[in-house]
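Just below sit the structures, each encoded as structure tokens.
In the two complexes below, chain A is the common chain; its partner is chain B in one and chain C in the other.
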Partner chain A sequence: MSHPSDDIKGVTDSDKFKFVVLKKVASISSVLRNTQEFAEGRSGRIQLDMDGDILECIVEYLYYNFKYKDKAASGSVPEFKIPTHLALELLVKADYLDI
Partner chain B sequence: MLPSGNKRTKIRPPRRSLLDNAISGVVKDHGAEFEKSWRLLLIAIKLIQEKNVSELSYEQLYRMAYTLVLKNYGTKLYDNVCQQIKQHLLQRRLHLVLSDMMDDEANFLKEISIEWNEHLQAMKFISDVLMYMNRVHVKEQKVPYIYDLGIVLFLENVIEYNDHEIGHRLIDTIILEINNSWKGQIITTKTYITKTISMMNELEYGKRTVAAATVTADDVDNEGSNYYQRYFEPRFLSVSSTFFSQFALECLALESGSHYVQATSQFINEQESMLNFFLSTTTHPKLMQLMCNVLVKDRIDYIISLPYENHGLSYWLDNVIRNITATTRSDPHYEELRLLYDLVGRFDPERKLLKLRLRDRIIEDGQKIEQIALEMAQNSIKSSSFSSSASKKSPSISFNSSSFATNWVNSVLDFKNQYFKIISRSFGRDHTFEESIISSMRTFVNKNGFNAPEILSIYIDHCLKQLTKGGSKTPVDELLGNALTFINLIRDKDAFEAYYANHFAKRFLNSKGGASRMVDGMDIEDLFISKVVDMLGLSTVAKLLKMNKETKLSWELTKEWKKLVEADKDKSLIEMELKICNTVDWPKSMTKDYRIFVGDEAEGQAPFIWPKQLRHTMKQFEEYWSLGKKNSSKKLYWSPKFGNMELRISYPSRTYDISLSTYAGIIMLLFAPQSDESCILPFEEKRSYTYTEIKGLTQINDADLRRQLQSIAVAPRLRLLTKTPMSKEVNDLDIFQLNEKFKSPTTKVKVLTVSSSSSSSGSTGKVTATTADDDSLEVNARIIEGRKVILDAAVVRIMKSRMSLNHNDLIGELLKQLASRFQPLPLMIKQCLAGLIEKDYIMRDPKERNVYRYIA
Partner chain C sequence: MRSRRTTSNVKGPNSALTEFLRLEGITDAFRRRREAEGTTTQPPEEPSVSAATPPPSGHRQRRQTKRRRDLDLDPDEEFIPEHDDDDDDDADADVYYDDDDVQGVKISGEEDTCVECGTTFYLNVYLRYLQLKKGYLCDMCNEVLKRQERAKKRNQVSARRKRKTVALALLNKRQVLLPKLQDICIHEISNNINDVDVLGNIGETNLNKISQILSKNRSLNNKTIGLFLGPHCKALEFWDCSNVDSDSLNKIGSFCPYVESLTLHMCGQLHNDNMKYFSTNLPHLKHLSLDGPFLISDSMWQEFFETEVGKNLVSFEVRNTHRFGNDSLIGLLENCGSKLTLLKLSRLDTVDSGDVWSLLPHYLGESTLTELEISYPVREELITDDLIINILSVTGDTLEYLNLTGCSNLTDKLLSDGITKFCPLLRVLILDSLDQLTDEGFANAMGSYSTINQGGLTKVLLSNCVGLGDNALYALFQHSGSTLIELNTNSIHNLSKESLLQMFTDDLHPSKVEQQQQQEQNSISYFPQVHLLLLTTWDIGFVRSVDDEVVKAISDHCTKLQILEVYGNNRCSSRVLVREGLLLLGRQSDSI
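This part shows the complex of A and B:
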């Protein structure tokens, strides 16, 4: 369940979904970044209280952000599709994670 | 991810669980709900402050704070956190105050910086946990960020608490340590000083009042925006100022300028690097400035002006003037001068003060050179016997003797070179100093009553003569270099040109048998003139160039004439060395009376009578010159004033080849056989003439005639004629005869003409001096004439282009245009303007008296 390697950070949700995310990708969220000095930093695991589909979307977004963050100026960034039915909840989670 | 088949998508509402889960369980009472979360957070904060971060789950704490903020407990949470930090800090403060380390500077600083670091670390984690509050609550309420709050609290509860108990102690400790290091003690607390100083810099006051809005750069820059600037810096500067003053007094106590510059330079240099390490970038320049003001600016002038005994500037430079006469040279105090230069540069990059003081020294010392050169010239005369070969030296030295001129010019150049050496060794090759030194030297070189242009010209004349004689050991290049350097120091270039022309003319007219001007295969007159042209420009030396050209034409003519004489079958022509000078270009003192020898009937002036032995040759040459050389448009005048004659006279004892001046030769020719047919030998004839008869036969003017007769009949050893009665004075009725007893050890005899003054006064002293004085008076008159013309021309030129100009502008423009030649005196300008107004070139404006108008 956990991957305590240096570059990998598990972001797990409460209903047993598990996502493995690169540390530098996860660090896009300042909340996730801040965890590293605390107990989560030692275990390499962050327990998040959210549904799997929401979290999946967030992880997708983090990778999307990571991939295109240097290309924002050029304008050749594809649109990030947000599933309409999750929109409101994603908004709340994004605020929570400071994304 | 979209549910398939659904046409209309339903937006799922956010789950409530996030909020509910935080306070696991259902607590209806809002107050209790807050208390529960807060208790957990409080424990977490305490753990953080005890450095047990890694045992806490960030996500949980963050979620708790998030929930509390969302539920509008923001203010309460913020206040509680503030309270907790405050309490914690007060505890730590007590710990600091009570600990034994308070007595030990090093440990005290160390403790404080450790506390500070730990506090900052804790604040960072607390701030991380409360991130959501920072983002939401802080912005809404416009209160400081948690992290900044921590800094403010540290400032209030540790440093400033109890009337700055710790703060003052900290400042005093740091200052004490820095002072100790100034006193030369080694301090071990450097790192902690740096740390605590940077802490004080971070303790910013702006954050206490400025709300969540970001602190702008302006606030930080505000005077006293942090603890360092508000408390430490003023106190540090005032303590430093006292310390520096005391240090300066200690350095002064030894009453030695050398000691002072050495001690302060060393101190300042050491501190500069050390303090750079400690102090903030804003204080460092302030402190350095303070240091420079106290140690250098306020006292350096006193140091520079210290008298010789106390090692001021006069002491450091003393060797320069001493070296001029000293046999073994000793360096001026390069090291002290270098330090002085650096010190002065600290408060004034242009170093005006140093230049000013240096100028005073140069002018004062420079004027001594005159005396030194005079003594040197006198000494050299005492040591060398009278048989000095180079030039006719007189026993008493005047300013225009060549001996004085050489010594003076060499000494001044030596003086200058030594100063330039100081510039390169002590003043970092600062070019502005070179200018300053040159201009200072100009002041004493061109001071009133001292005719530097003439002296330089005498010097060059002397050197050129030495060179052509091969008697000089100085290489040509060096000599030229010296002369050219010196020209630069001369203010009135036109005067130099006039004197130089005069000397040049004399050298040419007095040269004999086409004396060589060649040295090392170069014509040195040519060489020198070309250098002067390079330096002063073609127009300034136009006359010199023409003169030089004419000397060359004359040589060629001499050669051609010689061929003609050799080809002459009758042998009736006499060989001549011809020197033909255009009266316009050659100095007036030489040419002014060229006409009187042809006579002026209106003034009753009888023409000069050329001996008949010469007349044929002169006539032949005139024809040859005007027809053969196509000079019919020019008129040729013969001037017996110049030149020499070679006569072969057979005295009873022996036949001599006698070289004598033209006048003397003409007198001697009176006693010669009058025609080839006459078989009577002159000595058998015993022809005799009285003074009046000689005058009648030659029409030589009285002054010259007396002088010439003295030279050949009175002067001991070389009496070609006898005079009755035998006395020094030449009277009208004295009778002259050939001296039958004339004897000379050599067959070649050279008759030197005595000077006019000695013929009238009868004394042998001051021979060259007086003639030279006459000469320089004439040259001076010529210079002034020349200047009037140039000035007139310049005024007209300026007014023509400007049409109307006010007085001051005109003067300014004039000075600018004439600067390369001379400095016109105000009186001269005034006279010139008055003259031009009179001649209707310009007029005063009828309305404004100050304005001149050009009259077309």
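This part shows the complex of A and C:
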């Protein structure tokens, strides 16, 4: 990591939860990737209107995707579990983030 | 052998030990070790072996020589089965008998040296005998070996799981990819759909996805259908309504008054009353597609087409019903025939009058039909070349999609005097199971088609057109090669390997230059290379001439090809190397 702002970005949300995510991990979402051309890219912070638990799931998925995307063919990828009560809301947010 | 095992329980102390050893699962190890010792050195305790025990080595030798004899068999010589079952059984029985006698070996509690690490240890029944090194392993080495075996087993399991995943993905015609979070959510929602009260604003694509998954899982029912209905709906698609009853189908009419396009498949519970309700409550309905509405009576259809809604229809599709009769078809044509842009009629078993079918060109004359399907007529003679040619002559100039599957009375005349004369905009041509089409006829028609249709076809399905062959395929490629995206040549078994290879080999390749010269000298067929720039899906199943070489050539030359189906082509083996990104489906070697 050469410089924190190059590699790490904070994804914060309305509940004042803050998640620090590697830039290349966050870039899996095309929406988050595209924000880098704007003010978010300079500040390294992205404000998202989501609840903390939803965002936690999303960050978990981003890391899951980052870790296993090259191993998908091997068949040894564990299932990604999501809490059932969040499924609907998560679907909306996932749709928004294009992941 | 079995009888000996059952009696061993009452044999006394020796048998109890045998039983114990057998329970511990080390009977085999003892047997093997004893056999090994029997062939190398005779232990001093040998005299104490029961006289009744026949020497095992004799059996072994007999078996070994027999095995050798089997191996020496000339491969061409027919194998003559020998009556050896009893012989083997006897031998096994003897070996098991030997288990009872453990005096010739070190027994539990004695000191021994580990063959692996050389440490001294006390023998117990849990230790393992290594046949390879002819000695016991100590506890530590045994653990290591166990761990290795466990890892090996785990690897086997994961390899099997991997094969399963790949096979499953192959079946679904996609490559193994990490699921998107949206897909995971949709899956979770579908699994718990009965607990969902409202889906909310999740986007139309996701809504459709959930609806499709529910249909696929057969869990679309009276409760779940309600989740997809709302006043904002303009297009509704339900692919499996078999568990949705008549009352719930009425909800479409009451909750979605603005619906313009309605697709109901497997709608066996759709009732006359529903149609009546739709005809009064869905004033904006323009596109109606029904599959299996066999409760709608002939008279109800006529009534429906008489209503305002019926008259407004611009696209109409009906499949799999025996109640849509001659009069219903006339009713449809009279009321909205001139406005139709899409007409799909499939498996209508009671439209059995040739005269009614021949009315089609008359009513469709003024329409701007873009999609037409007439498939699986009840009798093949109902749909004739002349009928289709007449229809095409009046509607062909706007037609983009033509499906004549199963109208097996149609011949080359349809192609030469119909499609290739009147259809300048055609993109999709589906002629499955037209067995009267000939290679020459198709090739000639396609050869002249480029003067009328310069755009080219994007989807051509010709499965089971068994009369077609190399020339037809080449003519098709010449006309539409640059635009073709999906192709089905399933069961066109006249296609030859040489021609396919020629079509997918560079014209400057030495072998092709040679073939060209040969063609000039005598009349062997020669096909220049074709360029299929956009071809994405190709089903070439049950064309036996397709082998590894052909698949390789296709894989190399069709750069956009993603799915190649080779079901029933048993010359396609696991050895063929295909390009990354191309799914090869249906090889025998891919089965789990």
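The rule is simple: the second predicted complex is superposed on the first by the 95 of 99 C-alpha atoms of A that agree within 3 Å, B and C clash if a C-alpha of one lies under 4 Å from a C-alpha of the other, contacts with A are read in each partner's own complex, and residues count from 1 in each chain.
Everything that follows uses one rule, which is that contacts are C-beta pairs under 8 Å (C-beta built on N, C-alpha and C of every residue); 3 or more make two chains touch, one makes a residue touch a chain.
This is a predicted model, so every value here is computed, not measured.
On the superposed chain A, the positions of chain B and chain C stay apart, so the two partners fit side by side. In the superposition on chain A, A:T84 makes contact with both chain B and chain C.
Shared-chain residue A:S76: touches chain C; no touch with chain B.
Comparing chain C and chain B on the residues of chain A they touch gives the larger count to B. Contacts of A:Q47 after superposition on the shared chain: chain B is touched, whereas chain C is not. With both structures placed on the common chain, the touch criterion links A:V92 to chain B and to chain C. Applying the stated contact rule after C-alpha superposition, one finds that A:V31 touches chain B and leaves chain C untouched. Residue contacts after overlaying the shared chain place A:Y61 against chain C, while chain B stays out of touching range. Of all Cα pairs linking chain B with chain C in the superposition, the shortest spans 6 Å.
84, 87-88, 91-92 are the residues of chain A that lie in the contact sets of both chain B and chain C, per the superposition on chain A.
Across the complex, chain B meets chain A through its residues 1-3, 9-15, 17-18, 21, 53-59, 61-63, 66, 125, 128-129, 131-132, 135. Taken together, the chain A residues at the contact with chain C in this complex read 58, 61, 65, 68-69, 72-77, 80, 82, 84, 87-88, 90-92, 94-95, 97, 99. Taken together, the chain C residues at the contact with chain A in this complex read 158, 161-166, 175-182, 184-186, 188-189, 192, 195-196, 199-203, 205-206. Taken in their complex, chain A has these residues touching chain B: 30-31, 34-35, 37-42, 46-51, 53, 57, 83-89, 91-92, 96, 98.
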